[in-house]
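In structure tokens below, several structures.
Below are two complexes that have subunit A in common, paired first with subunit B and then with subunit C.
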Partner chain A sequence: MMPERAKALALPIALLLVAEIWTRALHVQSDSLAPPSAVAAALIEALSDGSMLVATRDTLASAFAGLLASSAIGLALGITLGMFQIIDRLMEVTIETIRPIPSIALLPIALIALGFGYRMEIAIVTFACVWPILILSRAAVRGIEPRLLEVSRALRLSLGDQVRKIIIPASLPRIFVAFRLSAGIALIVAVSVEIAINPIGLGAAIMTAQQALRPDLMLAYLLWIGVIGYALNRGLVIAQQRLFGRAALVGEAS
Partner chain B sequence: MNRCLAGLAAIAVVLLSGGAQAQKIQIGCTPTSDCVSAMAAIDEGIFKKHGLDAEMVLIGINSNIPAAILSNSIQIGGPTSTVFLQAVDGGLDLVAIAGASKMSPTSNAAISAFVRKGVTINEPKDFVGKKVGAPGLGAFLHVLFVKWLVEKGVDPKSVNFVEVTFPTMTDIIKSGGVDVVLTSEPTVTRMLDAGLGTVATRYAADLGRTEPIIFYAASRDWAEKNPEIIKKFRLAIAEGAAVVNADREKASVSISKFAKQPIELVRATTPNQSDPVLKSEQLAWWIDIMSSQKMLQSKLDLDKLILK
Partner chain C sequence: MPLRDRTNCRSPEPAQIEFSQVTLELGGKRIIESLNLAVKPGEFLCIIGASGCGKTTALRLAAGLYRPTTGDVTFEGQPMRMPRRDIAIVFQDYGKALLPWRTAAGNVSLALEANGVSSAQRGEQIDELLNKVGLPGHAGKYPAEMSGGMQQRLQIARCLAQKPKALLMDEPFGALDAMTRQGLQDEVLSLAQASHATVIFVTHDLEEAIYLGDRVIGLLPHPGRVGIELMIDLPRPRDQLTTREHPEFLRLRRELFDFIKASEA
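Coming up: the complex of A and B.
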């Protein structure tokens, strides 16, 4: 009997075979499409000459740095707004005015202010990722069992201790879901910034391959980004299950 | 005492070696043949000979170059004439410092309006109502085509212009997404070979101009603070231009290396002619046609556009 995982692979493999036969049989001449075998060869070539690994390093460095910065800012703001409703009400208009601005729309300003390179990309990724972390951590803090907060008050814990001993541990599973969500956004935004403007990383490599009329290499980079995205999500799901066990399900449900 | 002397000697060595170090500059260009004089000046060690440590930065979209210069990500960039003039018109304090490429009979002959199979264009008025893909609205090829239409008595407003990037032109023409694309080599030959249509007009050859396509520009502030670098840069570019105009193979190798394009693809296209000299009257022609197309809002001072 076929293992479940092998069954899941059957459809993508069949589609790849159809694409290979179709492009070869019809002699498809395109600057945007390439046979899967040519894409695989380009992927191996770019991995072995190191160019794809350097581009991956640049993209992931920016994405992770932006993710860390947005986590710190988003958590601090989310916990504060979740704990103090008056600050939440005061900040509501400001946050709801800035939040809908598409991060990519900030590119022209970011380019003049920060120039090409990591700084600009990190700033844009931070802006994009801070909102889901802020909103979800605020909701997580608000969703804490009231009795826990009563206990903290009965114990006369200081504000710092309340946050450290009660609020963060109780809302951590949901905060981790926000982190996972933002990790996906960080990768998407980092690649988008590189495609649009920043001459480093995987996005810039896609553009260069396209302009060099190398659809095989361009599609190889796209495939590689998919692999990285999948690996990132799988890694975070495993971390979530290992760290929080059954509590991780609370986050999934929210 | 000996320690003091040794310390002074060490400081002197550091200062002297610092003084002898090449001055670092970054030059940003799009992956075309226009900045080949700078590419060759790096590959042939010409910049180094003049005491400059130059590095080329690949920029995907030409209109990003002015902002990249102002952010000091690059000190010198290769904007097209239209991008440069629109940036200055918009208030960015940029200045042209040397010529890169100019229109020539060879480069003009490569520029075409390519019409897809099934669409007939026999004369300029046949473009009326057609969907025409340009690599950028307000970009070099688009502005030239509009000028050509006006000269032929066709109202450009009667033509439906859309943006189509170079790498997607072949597929969009094949799918019938547009009727015509404004393009250049090697795309024209590739589309002709694939039987996707015909050349409707070689409009740049009709215009027969010799004005600059791309030139090197910097921020006025940086250029005025670094006259020595500008002087060395101009000397190196003049030498680089002489090399690439005389030796097409060297030019092709440098373009292939910088643009990361297969050497066969680069060899199939004649590089644009390099011309290090830039004169204000050459920019006057661009200002005239851009003003007539309402692309410029202010009156630009020709004397200030090129660094003395």
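Coming up: the complex of A and C.
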């Protein structure tokens, strides 16, 4: 009898074994593939000499800074557009024109305006992450129980109090989902910017390993990015359950 | 001894809430037409009528949640342009009107916060209000952890926290079982008496209207207008058994019943 977790691990382990045997048996000499054991060794080496941790810090710093900036901007815009239909209609064309621009296409402009480094990367991450937050928070505000808004009208709550005490708490569970979505996007965009041009972080480290003809190190970085993405999502899912799970459970019980 | 002197209702004392020639159209449809209504301070007025007769709409006009298309709604002589904190409204759907992320205490606190009560004074007032509506010891519970009757009590507590001069109740007990309902009727009577607030109580339950009210108004539908007005001269305090067996109660019930039947025909 195998526990569920072990079952989930069975397939990846089997695949790793096959890859190991295959690459060793054929003496693969490749610029893009390496035996899993060599990848693992490279991962441990890069982790212990600190280079991977520095790169992780750079990427995550940019991703989180961009995520925070986009959350602030997206939330402010999303709540405003959700509350005031007229502003929403005024902004619609502008937003729908800017939104489809791929964030990576802003790279040349961002590079000229901000140069290499964190600022340029943060700006692009912010641009990419602002949309899901804006659109989902706007929908969340529109979806608030109208009776609650009447209660706040009957109590003559000021606009600030209405936002703080009714609108944000009422839409927070859905806003958090948007935040989770954007956290994933932030990591993807940060690494993409680094691979394309910015000489910092995990993306740049992958490019360096590739150019040094070190497929083992390159794959070690890929693996590591996967681990970070997984950990990030798990952490946010747990936070979501902690923050909103209780209310949801109570709601089901009644 | 009846604390409410019903003769007041007929005296020339100025009305607290007054509808004069109020017409309301929503989406091109005339919901209320030429409604005239004067409610005296401290009066307990019940509004009945077949569904769709505009009784809830009339209440929302009194609350300032709607503005009349023509005519005026005034409160203490001043035109109602928007809701006021000294008019509280109890909604029928308590489950939607309470903030699910706040505890019972937090929900009551919302009205105190709106009224600018300092946080130091809030705790004491919250306890007092929860006691008043029969919810002592439930301060830390979330609405979802409470029964329907308790949630409606909580909503009433939040409305009382506004220290209202007028309490507007929109079929507040419509979704509750008969026993809970009777208990809450008596509590609303004593709360209204203690606070001297005017009450406008919308219900589709004719007996409930007679049992609670100083006066009952029946609306006719399409568009809503006053069809019948009955003064309820039953002795107070009212009692669930003796009042409901009173010959006058039965006579009024027959009269209202005939009215509803005629209005639906």
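FYI, the second predicted complex is superposed on the first by the 245 of 254 C-alpha atoms of A that agree within 3 Å, B and C clash if a C-alpha of one lies under 4 Å from a C-alpha of the other, contacts with A are read in each partner's own complex, and residues count from 1 in each chain.
Here, contacts are C-beta pairs under 8 Å (C-beta built on N, C-alpha and C of every residue); 3 or more make two chains touch, one makes a residue touch a chain.
Keep in mind the model is a prediction, meaning the values are calculated, not measured.
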item	value
Partner chain in contact with A:223 - subunit B first, subunit C second, else both or neither	neither
Contacts of A:157 with subunit B and subunit C, given as first, second, both or neither	second
Touched partner set for A:181, first subunit B, second subunit C, both or neither	neither
Partner chain(s) touched by A:147 [first = subunit B, second = subunit C, both, neither]	second
Partner chain(s) touched by A:204 [first = subunit B, second = subunit C, both, neither]	first
Which superposed partner A:166 touches (first subunit B, second subunit C, both, neither)	second
Common interface residues of subunit A - those touching subunit B in one complex and subunit C in the other	none
Touch list for subunit C against partner subunit A, complex	63, 65, 82-85, 87-89, 91, 93, 96-97, 99-102, 110-111, 113-114, 142, 144-145, 162
Contacting residues of subunit B [partner subunit A, same complex]	31, 57-61, 64, 67-68, 70-74, 166-171, 174, 194, 259-262, 265
Subunit C partner contacts - residues on subunit A that touch it in the complex	145, 147-148, 150-151, 153-157, 161, 165-166, 169-170, 172, 247, 250-251, 253-254
Touching residues on subunit A, where the partner in the complex is subunit B	29-33, 108, 111-117, 195-197, 199, 204, 207-214
